[in-house]
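Just below sit the structures, each encoded as structure tokens.
Two complexes, one shared chain (subunit A), two partners (subunit B, subunit C).
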Partner chain A sequence: MTNDTMTKGMSRIDGRLKVTGAARYSAEFTPAGMVYAVLVGSTITKGTIRSIDTKAAEKAPGVLAVITHINSPKIAGYQVEPGKQEPAKGTYKLFYNNKILFNGQPIAVVIANTFERAQYAASLVKAQYNAETYQTKLADNTAKAFAPEGDGKKTRGIADAWKTAPVKLEQEYIIPSESHSPMELHAIIAKWDAPDKLTVWTKTQGVQDTQDGIANIFKLPKANIQVNSKFVGGAFGSALQVWPHEVAAILAAQVVKRPVKLVLGRADMFTSVGYRPNTWQKIGIGATTDGKLVGITHEAAGQTSTYEDFNEDPVGVSRSTYACPNVNTVYKISPLDIGSPTWMRGPGEATGAFALESALDELAYALNIDPIELRIINNAETDPDSGKPFSSKYLKEAYKLGADSIGWSDRKAKPASLSKNGWLVGYGMGVGMFGAYRDKASAKAIMMANGTLIIQTAVSDIGPGTGTAMVTIASDIMGIPADRIRFDMGDSSLPQAPSQGGSSTTATVGSAVYQACTDLKESFQKLIGNGGTDKPDYVEVLKKNDLPKLEVTAAVSGGPEMEKYAMYSWSVHFIKVLVHPATGVVKVDKAVCVADSGHIVSPKTARSQIVGGAIGGIGMALMEEVIIDHRYGRLVNNSFADYHLPVNADIPQIEALFVNKPDPYLNPMGAKGMGEIALIGMAAAVANAVFNATGKRIRELPITPDKLVGMEDLLES
Partner chain B sequence: MEDEKDYALPGFDTEAKDNSRRNFLKQSTLLTAVALTPGTAIKAADMRLDEKIAEAFEKMPIKLEVNGVAHSLSVEPRATLLDILREQLDLTGTKKGCDHGQCGACTVHIDGHRVNSCLTLGVMASGKKITTIEGLAKGDELHPMQEAFLKHDGFQCGYCTPGQIMSAVACIREGHANSEMEIREYMSGNICRCGAYPNIVNAIQEVKEGAQAV
Partner chain C sequence: MKAFQYTRATTQQSAIDAIAKPGTKIIAGGTNLIDLMKRGVIAPDKLVDINQLPLNSISVNKLGHLHIGALALNSAVAEANLVKDLQPLLAMALNAGASPQLRNMATVGGNMMQRTRCAYFYDTTMPCNKREPGSGCGAIGGYSRMHAIFGASDKCIAVHPSDMCVALAALDATVTVSGRKGQRLIPFTEFHRLPGEHPEMDNTLAPGELITGISIPHNNFAKNSYYLKIRDRQSYAFALTSVAAALEISNGTIKQARLAMGGVAHKPWRLFDAEKALVGKPATEESFKQVAEIAMQGAKAYEYNKFKLKLAPATLVEALKHAAGLV
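This part shows the complex of A and B:
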């Protein structure tokens, strides 16, 4: 699909609201009497609060209250039942005691009648601490790593079989912590409607999961909590749980008896809403001289916090991506005195694929086999991990599409042998895979007397264009134009839908919309009688039957096919880089991303989703790195000036290609997910292209110029 | 619960504060009384008069013309134009992404130039003409840049979009949209985490090459 055909596709249904500034995000509502809350963060990394002085803040103009662990109302869900022990680990409990578990941990919340006053007063809160020694460096703490599940080991065939292969290598790969950094700051407005009834506008990927989360923390009936999140300004995994700042705002609203708005500062976005964890990996890989994989050993140790075990299984990719008879994986996590990590786009797989796809590339050079050819030789025809057939897999077609588009035939097998205008030129590729899932969901379809179709479901849209995809599905089934369809979402009172995550929304919620519309159309056909017609005149039928509207709610879930087949989406990323030999600057000159995502429901938004994920992957490869000053256990680059992520000047035109063949089993639309695979495998594709350009293999991300500088000799030789 | 009026935000007061000088004098007198007589001071504290006095002292009158509408406001000198637009005028189309001038989500036009409103104090903008994303369309008729963003899908989540569009319009007006490379360079102050950059560039190029005035 070319750029031209994409622009002719259906534009986003909420696009007009977004380009006019009329779309309201969580911080943009004004319930009467609303006041402002600002958090105060800990300035030490580990220890206890000895004393906390809030007097000056309390006296500051406009301040309504200052809440700390000393005066915080008891939060019902935090309390340990009498006779039971405090659990060793669990979700962080705000203002629960005087313990400091990480730098920047909220120690107080200040509420005032304007934002400026709250922010100023927050600066007046002073704490005295008893500091303790802490650990924030993963590299020094891998010995403490433990398995989050069982012994953390999984073996297929013979362990460490790669060592017996004629061609083999073993290398370590490291990714730093990365920040989701969505453009919208995490924000919440909390409003108590009655002592046991709450409304929140909050940034969340799932209004009903947030409803559950708040119900558990505050021990309220779920039905008494209304969660609104109609527009979400990006999240990438950072809005999949109820965070401490949300608890703080709800608590504050309870204390001051007014609606409270709390917007995190950009610096807090780096410490308070998770991150992709710093992870060390080691891969041993071996093959026969003709390229058949003999064995893969993939070890990983990632960071977690001291209070929660974060498990994202980065080694899973090595068990399922290629046909390899002997695979053993080891995954451990190491607790550090830093806030908990969380899911970030392509969680686990993005980390694992950097190591696996880099190792495959290294093996290809060692074997002197083209990297695509090596992958085709080892293409898995059935899922090597479960032995089940794939529901669909068109990876080989994806290789061909991408190779043709990037001009793979121009690539030189010998590294550092191409240059252009004083820049070294290289080509690389990498594969991404992610499970294709289908969860439970419900949708209501209502045909109104005026011919407007209303679709309702409690899903969120963090950006991919969920509403647009859902309206496309409804339009196809009902045979009515998209502009006659209204899609209601982001409201916890609507029919059940899961959080937007794991690339499963279209498969899951789309199936519910598909079913609701199919049932609704059938209801009309029954009213018409004689089998109805394929194109009912809905307005006419309602009028004839004297009905103000007709509505159907459908609840769907994955069926037995989920057990029968291994279901994955696949992607292949192709990259052409230019590397400046003297400065080590890497420029992505061309990027082609091919997705095997089943049938593409909404081509225009799908293309943008792939392009956006690719850009996230380029950021991961070349610039993104959360840096901690281990002398203080504190982040040093917690701003957009210092945490580098791609800007417009870093990014060329990116081609998104789709195999566009339906998956026959996952859902009636034939769609598979694409949010994660858009990013997974990209970092390795860039690293592999850099190697092809320079002969330098960078195994620790990001690939910054300091790791490449001083290659002038390459051009002269 | 106190009545609504008591905790209405100062910025939401609709009546113009052109009598602020009189208030100031009245409150100065009161302040003197507070300083001299303990009994009055206690009574004043009970009525939270200290806070009300401080509020008057801390504020400045400003006049802003936003999207053609004149506003007379009383603002704290430390209040940014961004927060005034969002919190006092309820013009939430202008977004807060970093509050440090590093992301461009808060871009507005001040006297025709693109500016980060988070780095602009309200008092600095007094007397100036401000255009926000809400003022770009002519009624129902979208600005060509808004149309182009829709057509080229120049966004996903939409949060950086108002800033991108305001910046894009200025980019063309400044004469910095003569090539794809130049657009990319001059649009690099507006971060888009969803990664809509190529689509944004395509949208700007189309508007630049189109016949419509920006």
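This part shows the complex of A and C:
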């Protein structure tokens, strides 16, 4: 790949549309006759609805209908299996019965001819409940946690071998629940085109998975459902399933026989579209005096809801990150009376890496070995879990790149040794890993008579710049400039593509685009004859052959390499922090994130991916925490004023570095994923830097000033 | 939200006449009022927009007293040279508040009148004596991390969220208000009140009164002033604790001091005893630590805000060090 755009990087193809407001997100369509729906949430945490008074709401100006569990049309997909009392566990079933399973659960949807009227009428719906006692606090409920299906206990070598090591430690690590909080609110417009035909504009990470999900819930033929999601303003895992508010809008549109728009409010975003679950972890880790790992025991208990077993295997990182002969892991989930958690950027690994990478730092300190050195000593040359060779792994190079850039040599092993202008200075690092995948996907490449290339595939772009990466790939293969290429996506009628998640889009959809373009070019070369030329004049060839266009659809799939190799993307994060000893304020002074994510297809958008992930990691480390008042089971910080995400003032200079060596096996571009590894390991890197600055080890996130206040003696000594 | 009427007042008198009617609320920048309406915390029948009233001037009189109109924008005040030169503490406090976008909308009067950010006050399904007298206080026994350590009552432990007001309390400002009975002046430190038995009352503004402006008497603090705000993120977060410190130092000795804390009480918490104790002392960290102990007398924490017992004195010492030019 020698194209100029490959080295310098193309700007986002949709950047201009986004910054000028021309990009239309799911809430920004107005089918004729559209009306507005607003949800009413329960105000108790568990129990039953005794009665629900909707009269005042129904009489309010502009109101078309109020739907509750009492008058809701039956939803075909919620049927109970023969012989069972309750439907199978899974996503929350809207208006299924009078049971309240979590606080804020939708108990009614009000539809009116304006948003304001719907919202006002929603405030008039009054429910009477029979409240029951409930549990919302993980710390009180780890005893009833159970092993999720397929996970649970795993042992390699001897269990608890760390206890026999000459240098060892055991510690607990806790992360609170975190909210995805994308900028764009979740929104859907549902329009029934016929009694069995539906069009939706909705925020989703996968138009075809949403199509499947709706087909299952409403028992409609998949082909009768059209899902559009052209632009997505961030999702981070929160748009990988059909949520109750989407079901509500579709139902509402059915009842009022008009298109219905439903946009979640910011407060509802905290209870309606999942979150990263509050998770308790314990790690026992031991090594020989020269730093060889003897054993790791990693336990975790995460919260889930009573109606769905959410399982993200946070302990997996301990089995695969380092060469360690003896590893045993235990993972359990504890059902609480709260809404279900869901995937959130770096699901499982981000949680697990906070514990593992903190523990490794603690071990390095106990051993008096440099944290990078300790990781190099225990570098896994083959996947310790499967025994398979890695398809590619350049983590050692990544350590070097990052250490040089952050100035690791300035770090002192003894905590609280460095200070500057009254602030303590500390350095820390942490490693991230995430499986690299390639899935099934198709793409269509169409060369038009005027020389415009159209690429079509049903992928979504939640922000990483997928379109930009795909156009880069197409431009490179076809040898035509990016501005002659149109990329169509976010439409379920286009060729098959998986949901955008698990950092697999470039590898998967990129492979399909690569193949389609390669095949299309070959078709032209065949038309030219004599083996064609490497730079066909497409317009000329079409004209000569009297063709209005030439198109090719290509499909790709996983491939046998995936069986032979262990495939992972790797990252290493380096952090320099300043900690104010008296007030406990932490400022990240510099972040360096190095990614081993194969060949970098689209350098500019790759950089933003890393920067975005790093910011997410800083948020996780320093401020993000969903807080429940367990006396009520209700959230107390469900707004952007109170749920803190980093703002510009919190964001340091972030260096994004790439090893940029192709993976020979994952896909023809040599690309691996990077969305998840941008965040995984970051929180530990920050916590480790705080320890290096202060000698205080924070094992429960986030690291807010209250946890560090009162260390002024450190500077004086 | 409930449907409401909206009118614009073109004269001060018409504004005063309009707000004499119950259920009528003034709207200035709207940055707090509208949020409260959206959350159903308040539901006025009528809004009177006062933005057309000529109350946005910033001026200084012959005696060097600074006068600021109630409608002056938070950003305009913070950027005004008069303010930066004469009362830099006020500019610093304003710049520590909210975000640039909000400061561009928020007015001085609105800032003074902003309600607490207590989560229970905002959630109408929760008990809150301030929102609904007699319903109980959700924060006591609940999530009290942001709450008061001084002057709270068993009815309410909320804090006043403003940064600007902390500086104004320190600077001995006076509030000018107008009502049907005419104009009156309220010393800034008496404008906001402690919750006592009536947490529903944030301040001493009488129903039907309009804030027209504030004035700050001349002082010699410009050289040695500092506003320090400790928060969970570096911008756009309310104070965990904050301190407005103003010193007059002569040959290393403190001649006069003004101190107020934010994030610790139902009103900006002026530290009169600590101020007195500073007078005559050398401007050293040692002196500041001594007065921090005095400042903390009578502090009482709740389940989640115990850290403020350490953070508040640390903030005070740090702010004084900055004011004195020691950092």
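We adopt the following convention: the second predicted complex is superposed on the first by the 700 of 717 C-alpha atoms of A that agree within 3 Å, B and C clash if a C-alpha of one lies under 4 Å from a C-alpha of the other, contacts with A are read in each partner's own complex, and residues count from 1 in each chain.
In this section, a contact is a pair of C-beta atoms (placed from the backbone, for glycine too) under 8 Å apart; a residue touches a chain by one contact, two chains touch by 3 or more.
Everything quoted here is computed from the prediction, not taken from an experiment.
> In the superposed model, does subunit B or subunit C contact more residues of subunit A?
Here the partner covering more residues of subunit A is B.
> Is A:Pro464 in contact with subunit B, with subunit C, with both, or with neither (first, second, both, neither)?
first
> Between subunit B (first) and subunit C (second), which, if any, makes contact with A:Tyr96: first, second, both or neither?
A:Tyr96 contacts neither subunit B nor subunit C.
> Touch test for A:Ala649: subunit B only (first), subunit C only (second), both, or neither?
both
> Contact-wise, after the overlay, does A:Ala582 reach subunit B, subunit C, both or neither (first, second, both, neither)?
In the superposition, A:Ala582 contacts subunit C only.
> Who does A:Glu116 touch here: subunit B (first), subunit C (second), both, or neither?
Both partners, subunit B and subunit C.
> By the touch definition at the top of the document, which applies to A:Ala641: first (subunit B), second (subunit C), both, or neither?
Touch status of A:Ala641: both partners.
> Overlap the subunit B and subunit C contact sets on subunit A and report the shared residues.
116, 120, 639, 641, 646-649
> Taking the touch rule as given, give the residues of subunit B at its contact with subunit A in the complex, in rising order.
1, 4, 7-11, 51, 54-55, 58, 76, 78-79, 83, 86-87, 90-100, 102-103, 105, 132-134, 136-137, 142, 146, 149-153, 155-162, 165, 180, 183-185, 187-202
> Residue numbers of subunit A touching subunit C in their complex, please.
Of all residues in subunit A, those touching subunit C are 43, 116, 119-120, 123, 421-422, 580, 582-585, 587, 622-623, 627, 629, 631-632, 634, 636-637, 639, 641-642, 644, 646-650, 704-707, 709-710, 712.
> If you look only at subunit C, which of its residues touch subunit A in the complex?
1-3, 40, 99, 117, 119-120, 122-123, 125-126, 138, 141-143, 145, 230, 232-238, 240, 307, 310-311, 314-315, 317-318, 327
> Name, in rising order, each residue of subunit A that touches subunit B in their complex.
3, 6-7, 11-12, 14-25, 27-28, 30, 32-35, 61-62, 113-116, 120, 181-185, 231-234, 236, 257-258, 263, 265-266, 462-465, 604-605, 607-609, 611-616, 639-641, 645-649, 651-654
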